[in-house]
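Look at the two complexes coming up: subunit A is in both, with subunit B in one and subunit C in the other.
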Partner chain A sequence: MIIYVLANILPGLIDWLFISANWIGETQDDCTKEGACWVFVNAWSQQSIYGSYPTDELWRVNLCLALLTAIIVSSYLLDKSLRAKISVPLFLLFPFICILLLDGSYIGLEKISTDFWGGFSLNVLLAAASIIIAFPLGFIWALGRQSHMPFARSVSIVLIEFFRGVPVLALFFMGSVMLPLFFPEGTNVDKLLRVWIVLILFMSGYMAEVYRGGLQAIPHGQYEAADSLGLGYWQKTLLIIFPQVVKISMPNILATFVMLFKNTTFLLIIGIFEMLSTTQTALSNSYWLGGYAAEGYIFVAIVFWTCCFGMSMLAASIERQLDTVKR
Partner chain B sequence: MHHSASNPMDKNQEIITICDLNKWYGDFHVLKNINLTVRKGERIVICGPSGSGKSTLIRCINRLEEFQKGSLVVDGVEMIEDVKNIETIRREVGMVFQHFNLFPHLTILENLCLGPIWVHKKPKAEAEATAMQYLERVQIPDQANKYPGQLSGGQQQRVAIARSLCMHPKIMLFDEPTSALDPEMIKEVLDVMIELAEEGMTMLCVTHEMGFAKKVADRVIFMDVGEIVEQNAPNQFFTNPQVDRTQKFLQQILNH
Partner chain C sequence: MNPARTTLQKHAFFNNPHYRAIIYQLLLLLGLGVFFYNIITNTLANMEARGIKSGFDFLFSTAGFDILMSLIPYDATHTYGKTFFVGLLNTILVGVIGIALSTLVGFLMGVAHFSQNWLVRKLAVVYVETFRNIPLLLQIFFWYFAVLSALPSARQSLSLGESIFLNVRGLYLPKLINEPGSLWVYAALGLAIIAIFILRRWATSRQQKTGEQWPVFRISLFILFGLPLLASLLAGIPFSWESPVLKGFNFRGGITVIPELIALALALTVYTGAFIAEAVRAGIQSVSHGQTEAARSLGMPENRIMSLIVVPQAMRVIVPLLNSEYQSLVKNSTLATAIGYPDLFTVFVGTSLNQTGQAIEIIFMTMAVYFTFNMFISFCMNLLNRKVAIVTR
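Moving on to the complex of A and B:
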């Protein structure tokens, strides 16, 4: 049955995707053949990757992306002690380095307003910047939830349940529409900054629950061994408990990352020009009328799928590296 | 070694003083009016049926368990409800657990160096040198860069002993150190403990290894239902137990 369906669909699909597809050209008129018009994707590629970021300044975005790749690769190659000393601080600084570079006005470059930031690079950088902050923040919330101090525990539970219970779209609307109402008149907090904060809090709520599962799996003897050595609470938590929780929770942490990364496309509804919204803009462009929606969305799907698959591979390989029993 | 009690002035010094210690789990009275004094260099074996409170008692000494009534003084420091105070005591007291409790995400060497580096603020090189010295003493220096999961139970327990010794404790607590081991590995762990005892370490050991008790203990304590029922020198304890409950217990564990 499945084979029958595939046999009927596949040849046509392959024909449309590759064989009679239009690969070369610059305008709509070059798409003369029956198949997909990849010219459309090609013509809009800069938009869909960088948004409206000025062409002359694209190196800044590229530098941020390169830096992110470099940090990930280095943390993978460096051995354990160097990783803690070099990669971890770099990761934590990364969001702020990006802000400095992309905005530019703080470091003497031309200021590029966040209105011009966009495209797939925004999806990637925003997701990375949110994950990096939410990774430790979620753990603090998870610790708070386990705490014996009533205040810390109730605050953590309220935060976790609120940000997990409210749909992310509602959170984005709150961040972009409601939040400014609470600010004193005249203050203008950047929309992207508000979105970033919403993403961090949303992600932290999910991470906290992921960590909670990990925390419950740590045998009590680990705490006792750390206590009996005379380690303080934070030493015990950071040196003994946290690394083991991360290891146990790795599959769920990755699932949460992928979810957040894909959720960044929801930003289109509050008017942030991430990849999906640039694609929609391109589709309604008057020079490209005639329905290239399939090409546009397939491209978006391929790009996101490739990245998420890459993250899966990376996580699988990290899991293998962390497996201290079989090695 | 650091632990030798060669100074005769030390010999009679009290290092642990437990007075009227009482502990409850809810309504359950786990420890009842415990009075115990341990002198420096003394080796004590605590035995008794399961549920008698013997593990709970030694876990009170480094505050893995709280107690509700009574007092406990370790090396001149009174155990009070204060984090700094508890940490001070824990630095003087090493503990070896039934299930080893090594840190599985760290190598053997890292397990040994963690305390010295973070608690005693030793430089890494110095901590590693000390760690290797102790690994040699427990005869597994070649395992230094492996992870705990790759070692046998006996090896892991020897690492756990070495990890405690790296902190240069004045007192060592052993909580059924051989109970989770396969029979052929018990000896290698006991040998390390015997060597330690012979060097003059103050030891409190919860164990059913009566051979070990006969060989090294200065005093054997028998506990039942939360009380110290009887305590005596090992030859007296084993040949001439004073109390019925002790006799029954000894019959049970020696006749099989």
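Moving on to the complex of A and C:
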């Protein structure tokens, strides 16, 4: 029965996707054949990757993306002893370097307002910049939750449960409607910055729970060994516990990151031009009124699918590596 | 005197972990105090400057906007408080549909992963890996803008029989109308359910005593349908169907399921179903293979091994995972606002907030509602968890 259904659907689908699809051209008029109109995706590709960032300044966005790749690759290649000294500060500096570069006004380049930032590059950079800050912040919350100080513990629990228990969309609305009320009168905090803060806090809540799992898996002997070496609390935590927690929680951290990455599409609702909203805008463009929704969505889906599937493969391979270490 | 105590006293008091903890916490308290003091004074000043009156009085003033779909009678003359309940019910509706369907799909696909059939197995893998890795909002848009809006118009509706119609405006179903005497049928249904419970108890205790099995499931099914059927025949079939009828440009009568609800429920089901399938797969994998082999050597048929041996043990792993999937389903249902399905978020945080400007009250109320939903789901799943946990004697 399944074969029958597949045999009925697949040929038509392949025909629509590839064989009678329109690949070449620039405008709607070039889409003459029956199948999918990939011309639409092609025509809007710059929009969907970079948003309305000025074409002459695109090198800045590319530089940011290249920098991110370089930092990630270098942290793999570098020796373990150098990793803590070079990669960690680079990672922590990365969001701020990006802001300086993309905004431009602080380093003598032409200022480009955040209204023009957008597209898939925004999804990637925002997700990366959020998890980089949430990485240490979430660990602090997780430590707070395990702490023996009753007040610190309750504050951490409230923070973690609040940011995990509330829909992220409500948090975004809080960021866009309520946060402006919290700042002194007259201060105008950029919308994207508010979103970034919300994403960091939301992510920290999830990371804290991931870390909690990791912290519980560390054998007590590790703490005792560190104590008997005479290490202080922070030395013990940062040199002995943290590296091990990160190692064993890596698959879960990646899974959390995949979730965050997918959730960056929710920003469409509060009017930030990430990839999905640029696609929505393109679909309502008056030169392209032909119902190309399927093509547009399939393109976005393929891009996100590739990234998320890649990361979950990576997580699975790390999990397998950890498994062999254990045995 | 105790020598340890003398050494302790030699240290300065701030090196004593006990005092240190107190100092840290005092600092934290002070920091939080300053933070909240600033926020509150700023907020009050801002609200005064914008002329927003704080408080919940707005809940009793007239809302003045229509809502696309409501389970309780509602029109524009009702209050904001009423819009809250309309939204709440719509959220519960989509949540219940989503949880029920995604559990069904998830369990089917999770079990299909272990099927003997190569095609079924691969299909389950492709389903999980495809839909898990595509953002939910994109899936909602795909169903809503690409699939449902490509449906034919009301005049060329797809129809099933003469009573179910599907077109671009939604799904039209026939409605059941109760006529006098239908109460007897419902009473029979209730009676049937009670009878099945008693029967199951009896059958289990009999099986434990004598080892003989009794076809409980088939007989329960028979009672469940037979008893109400008998009652309705005796009462002279006290029901009638109200079919949707095409009048002018649209259908009248029957039940209308708006396309927004279909798209949202479909996307939530498919997306969460993929995650639940993963959870079910993990649960089944956690059951030791020896259990299956032991059951096979006892001569059990394959489908009974799955349902009687493997799945009950897998539930210990599955239930906690289900808990978080259900919670995220309810949280994700807020995406309704992207396509305009009138759930709590769309109605209350969307329209009501825009009209009243009571940002703080409305957002806190909404957050509290979703928090309560999550606690309720957690509570139910913990009850279930206690039931499936290993009984230690």
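Basically, the second predicted complex is superposed on the first by the 313 of 327 C-alpha atoms of A that agree within 3 Å, B and C clash if a C-alpha of one lies under 4 Å from a C-alpha of the other, contacts with A are read in each partner's own complex, and residues count from 1 in each chain.
FYI, contacts are C-beta pairs under 8 Å (C-beta built on N, C-alpha and C of every residue); 3 or more make two chains touch, one makes a residue touch a chain.
Just so we're clear, the structure is a prediction, and the values are computed from it rather than from any experiment.
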Just subunit B (first), just subunit C (second), both, or neither: which does A:Leu229 touch?
-> first
Between subunit B (first) and subunit C (second), which, if any, makes contact with A:Gly221: first, second, both or neither?
-> first
Report the partner of subunit A that touches more of its residues: subunit B or subunit C.
-> C
Using the superposition on chain A described above, determine whether A:Ala316 touches subunit B (first), subunit C (second), both, or neither.
-> neither
In the overlay, answer first, second, both or neither for which of subunit B and subunit C A:Ala294 touches.
-> second
Which partner does A:Val168 reach: the first (subunit B), the second (subunit C), both, or neither?
-> second
Does the superposition put A:Pro243 against subunit B (first), subunit C (second), both, or neither?
-> first
Of all residues in subunit A, those that touch subunit B in their complex | 219, 221-222, 224-233, 235, 239-240, 243-244, 247, 322, 324-325, 327
Contact footprint of subunit A on subunit B as seen in their complex = 62-64, 83, 87, 90-91, 93-95, 97, 99, 101-105, 114-115, 118-119, 147-150, 163-164, 167
Complex contacts: residues of subunit A adjacent to subunit C = 2-3, 148-152, 155, 165-170, 173-174, 177-178, 180-185, 258, 262-263, 265-266, 268-269, 276, 280, 283, 291, 293-294, 297, 300-301, 304-305, 308-309, 312
Complex interface listing, subunit C residues touching subunit A = 21, 24-25, 28-29, 32, 39, 42-43, 45-47, 49, 119-120, 123, 129-130, 132-138, 141-142, 145-146, 149-150, 327, 331-332, 334-335, 337-338, 345, 349, 353, 359-360, 363, 366-367, 370-371, 374
